[in-house]
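The structures considered in this document are given below.
What follows is a pair of complexes built around chain A, which joins chain B in one and chain C in the other.
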Partner chain A sequence: MGCHLCEYYCAFAGTDGSDMARALKGIKINPRIKIEEKDGISFAVSCRHCREPLCVKGCITGALTVADGVITIDRDRCVSCYTCVLSCPYGAVSPSDDGAVQKCELCVKTAEGTPACVRGCPNNAIVFEERECAE
Partner chain B sequence: MKYLIIGNSAGGIGAVEGIRQIDKEGGITVISNEPYHTYSRPLISYLLLGKITEDKRKYRGADFYAKNNVKLVHGTVKRIYPEDKQVILSGGEQVSYDKLMVAAGSSPFVPPFEGLDGVPAENRFAFMCLDDALNLNKALDKNKRVLIVGAGLIGLKCAEGILEKVAGVTVVDLAPRILSSILDDYGAKPFQELLESKGIEFRLSRGVKRFEGRTAVLDDGETVDFDILVLAVGVRPNTALLKDIAEIDKGIVINEKSETTAPDIYAAGDCVQTVDASSGESKIMALLPNAYIQGECAGINMAGGEKSFNKAIPMNAIGFFGLHVVTAGNYTGDKLYTEREGNGYKRLFYGDNKLNGFILVGNVEKAGIYTSLIRERTPLDSIDFALVCKKPGMMAFTREERNIKLGGGAV
Partner chain C sequence: MAMNYLYPEYEAARNYDRCITCRACERQCANGAHEYVEEADKMVCDDSKCVNCHRCVALCPTRALKIVKSGNTYKENTNWSGKIINELYRQAESGGVLLSGMGNPENFPVYFDKILINASQVTNPSIDPLREPMETKVSLGAKPRDIERDENGRIINNLPPQLSLSMPVMFSAMSYGSISYNAHESLARAAESLGILYNTGEGGLHEDFYKYGKNTVVQVASGRFGVHPEYLNSGMAIEIKIGQGAKPGIGGHLPGAKIVGDISRTRMIPEGSDAISPAPHHDIYSIEDLRQLVFSLKEATNYEKPVIVKIAAVHNVAVIASGIARSGADIIAIDGFRGGTGAAPTRIRDNVGIPIELALASTDKRLRDEGIRDNVSIVVGGSIRSSADIVKAVALGADCVYIATGALLALGCHLCRSCHSGLCNWGIATQVPELVKRLNPDMGYKRLVNLMTAWRHEIKEMMGGMGINSIESLKGNRLMLRGVGLNEKELAILGIRHAGE
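On to the complex of A and B.
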């Protein structure tokens, strides 16, 4: 329905705060999940955690890695060359506001189990489940 | 099974990781002619900038060789004996193999400049490997004037990396613009202006006619004095090891399984020539992502798995002082889409219902959507191309296609 709440939950998941409204008030958020919308259609796009991840394979430093099916970024090793931004067919890796690139890491680093966008979606439109790939 | 890998950079590391996806047991030996843990070559300029430490230049973690049960040998391969399935190192040591991977990389190309031999060796550098960067770094100080021949990716990353440490940097190139292999005139302009504003001087549309000691005489007679010379004219694939063994054209010819024409010998990375999916031409695309993917593909096939990679395209991502450019594909086709605003520039090259290439300067967000259209040769009439030109996104695909891509059906 295009409420963009997932984007706010995503941005909030990266902060230490306990009050979302206070933490994000007046800030232009740069979330790792992004809504696309046009003509009444809207959907959320975040990292698909591909089995053949072009971002990981192309990473020039080794900052992007896969562990247990989750692709994460080691911010210390990233030099912001943006080869991953150039490689990702979903547009799901993006420059961040402070150097390293950013992408959805399924909230594994915040250790809350279910990703914040999934918990926050009022319409249950974002689900967290494994699906078989075509190949 | 005994695997032997010549090369310890992206292609070789890709091969190790490819082999270990299939075969956890077979012995893997990696031979490297550099005395280092695998490191990322493109990071050498960041090393000079002081942006990364020795530990962070590692392309894979400190436990990489142990974890993958790899024997790393520091040495130089002198010759391959395919009939004996053996290589001999320059020290005389023999190493046998069942499957061989040649990821020998490329070397700096040095044109036959008149008087180059008269430039003292301690003042002359390449900028390709870690030792080049470490040696250059030692020679730099605030009084040194640096001349870089070549305004391409390597020459300019070097210029950025050393600028703060020296008295001045001048870059000479025969081409009329900088980064001429990846940018057109309009795209090159903001980068040239930015680099000039930082103090780098350019001499373009001119080559070095000859060297007279530590002076370069340019084509138009201008002279440039220097203390340090960096030659960054280009690179050539290291193909010599497979001469008379496998087919070599401009580079070592490989197929989509990363096989050379010689049995049980594979190759990947800067030393190979392969088909550019965006143009159909067979050529050298010496780029790290291609090297890794070719290497991994080779490794899987070496270990008895099944893997093909036929989607190599030219692609470059690079930034200078915070201004970024990403490019992919070929700049061909009879149609253009262009946006220009300030330093920002977007140009898409298309025709015959296909996107062939693009340049994005400044805002690089979602560039991978364009790369994917090139790589997959997506028919442009199957998507909302007018939308995607303005705003790259998944919205441009049909609902069915989106369900496949986002709903779990894609790779």
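On to the complex of A and C.
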């Protein structure tokens, strides 16, 4: 419904603060999930965790890897060549604020279990489920 | 406007230490109260647009917002209160009738709050509902007076059609049009999962909802919108709406702007035309006329469905109910003066009708005195707020209650009373697609089921305390009630004793 709160919960999950007001006060957020809006329809864009991920295939240093179906990034290896940013068909990888790239890692490194955007969405519009992909 | 007499009644108070300018409040307020000021990197609010619906408050991720009553006051005057002055200014400005939504908020006595429930001690045992069976099932409809037998002495089943409910609650009429598709879906699915009924209201039934027929009451009102044979046969019962507690004696008006797409099709009127429900049914001017409509509806549905006649609680309610009980109707629904509405003239909402507790007690008594109580079941509505209200209503003689405002609250309604604006921020009383989708029926129906499940537990607890194990034995059991702070007349009408007696 276009409230963009998922973006803020995502950004908050990327900090180590316990209070959102303190963590995000005065900061322009750069979340890993982004709401696209057109004609009254809003859609949350984040990584689809493809079965055959073009980003992983294209990554020149092996910084992007698949583990248990989740595609994560090793920030130490990323050289910010942005090949993945260009190759992701969904536009789910973006430059981060401090070198390296960033993408949704389903909160495996941050929030407990359920991704922060899923927990924070007031309308259950984002769900976390495993799907057999129809390729 | 060069000069504005009206100062905003409420203010959105923002704690700037906590606001992270996420702009969720701005995006979610359909009244456009919040705004982000780029230069200052700061949120501001135009309080005059705020209707106090709490949408922004509920969504603000950092709890930076709250709505407070604005401190602006006129010189104190008990007679000319600030509210009266403001309403007068508003009318002097607009020249129009004041409109509002939901039920009568004025300071009239709430009799339910002056009635207390009994419990067993020593001489008769209470019952533990967790260990012993407890029946909350009710069956609505006319009950036959005599046992009929065939020539072989076998009992003939002469029971007229009945409605069977898992608990003495139904969701009362709210039309598709006055509330959204998603709100209707939430009510229908909740009714199905709870084993109770919801009511289509006067706007017809959307084709997607025919599948909930086993849990549907279809309504026929003075505008006859969306009424056709398939519709009449789709539900479990048919309700003839004569009146509504929030606006007794007047009809309805859904503005043409809301008659779009599905709503126009469901109501069977052209897009953009106003849906006007006349104040009376133009074919009903007497109980005999009502009887004709009752029987034409029964004829149309092969005498398989009970017919409900719904009236507003007005001064002569008991006499009118007595007429209805003789008209062939199976169930009488009475709507008290606190009942809600999508839109009503404020003066009518706040000044017409009588409290449901008194209407119920006097109707039940009158029908019993006349020996026709079994002709009909009685359903009461008009601000049933809790399981305790249900228990009290049943003990005052109701077979079942109707709930609407309470159900909307469960769906997110914050009683801002601006349903008539069509911009309900909670996706309930609106047809704007961007607002409707804010109510996710998957979440909505679960909240309704939760609420009713909780109330059912509480009803059982209270019945157990009284040593009663079936809702049927509570019905009309006024000895289980005592009044506090009521005068002799009120006690006499309610048919209960004062506490201590």
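The rule is short, and it goes like this: the second predicted complex is superposed on the first by the 134 of 135 C-alpha atoms of A that agree within 3 Å, B and C clash if a C-alpha of one lies under 4 Å from a C-alpha of the other, contacts with A are read in each partner's own complex, and residues count from 1 in each chain.
FYI, a residue touches a chain if its C-beta (ideal position, glycine included) is under 8 Å from a C-beta of that chain, and two chains touch if they have at least 3 such contacts.
Worth saying up front: this structure is predicted, and the values here are computed from it rather than measured.
J.: Overlaying the two complexes on chain A, which is it for chain B and chain C: clash or fit?
T.: By the criteria stated at the top, chain C and chain B fit after superposition, with no clash.
J.: Given the touch rule stated above, what does A:Met1 touch, chain B (first), chain C (second), both, or neither?
T.: In the superposition, A:Met1 contacts chain C only.
J.: Taking the superposition as given, does A:Ser18 touch the first partner, chain B, the second, chain C, both, or neither?
T.: A:Ser18 sits against neither chain B nor chain C.
J.: With the two complexes superposed on chain A, say which partner A:Tyr9 touches: chain B (first), chain C (second), both, or neither.
T.: In the superposition, A:Tyr9 touches chain C alone.
J.: Applying the document's definition of touch, where does A:Pro122 land relative to chain B and chain C: first, second, both, or neither?
T.: second
J.: Is A:Phe43 touching the first partner chain B, the second partner chain C, both, or neither of them?
T.: Touch status of A:Phe43: first partner only.
J.: From the overlay on chain A, compute the angle at chain A's CA centre subtended by chain B and chain C, rounding to the nearest 10 degrees.
T.: Roughly 150 degrees separate the directions to chain B and chain C.
J.: Which of the two, chain B or chain C, is in touch with more residues of chain A?
T.: After superposing on chain A, more of chain A is contacted by B.
J.: Just how close are chain B and chain C at their nearest CA atoms in the overlay, in Å?
T.: 16
J.: Hey, what residues of chain A end up touching chain B and chain C alike?
T.: In the superposed arrangement, which is not itself an observed complex, chain A uses no residue for both chain B and chain C.
J.: Can you name the residues of chain C that touch chain A in the complex?
T.: 17-20, 22-24, 27-28, 41, 58-59, 61-64, 433-434, 437-438, 440, 442-443
J.: Show me the residue ranges of chain B that touch chain A in the complex, using the header's touch definition.
T.: Contacts found on chain B: 14, 40, 42-43, 46, 51-52, 56, 58-61, 288-289, 292-293, 296, 315-319, 324, 326, 328, 364-369, 371-372, 375, 387, 392-395, 402, 404-411.
J.: Which residues of chain A touch chain B in the complex?
T.: 36-38, 41, 43, 45, 48, 50-52, 54, 57-58, 60-62, 76-77, 79-91, 93-95, 131-135
J.: Over in the complex, which chain A residues touch chain C? Could you list them?
T.: Those in contact with chain C are residues 1-5, 7-9, 12, 19-21, 24-27, 29, 40, 120, 122-125.
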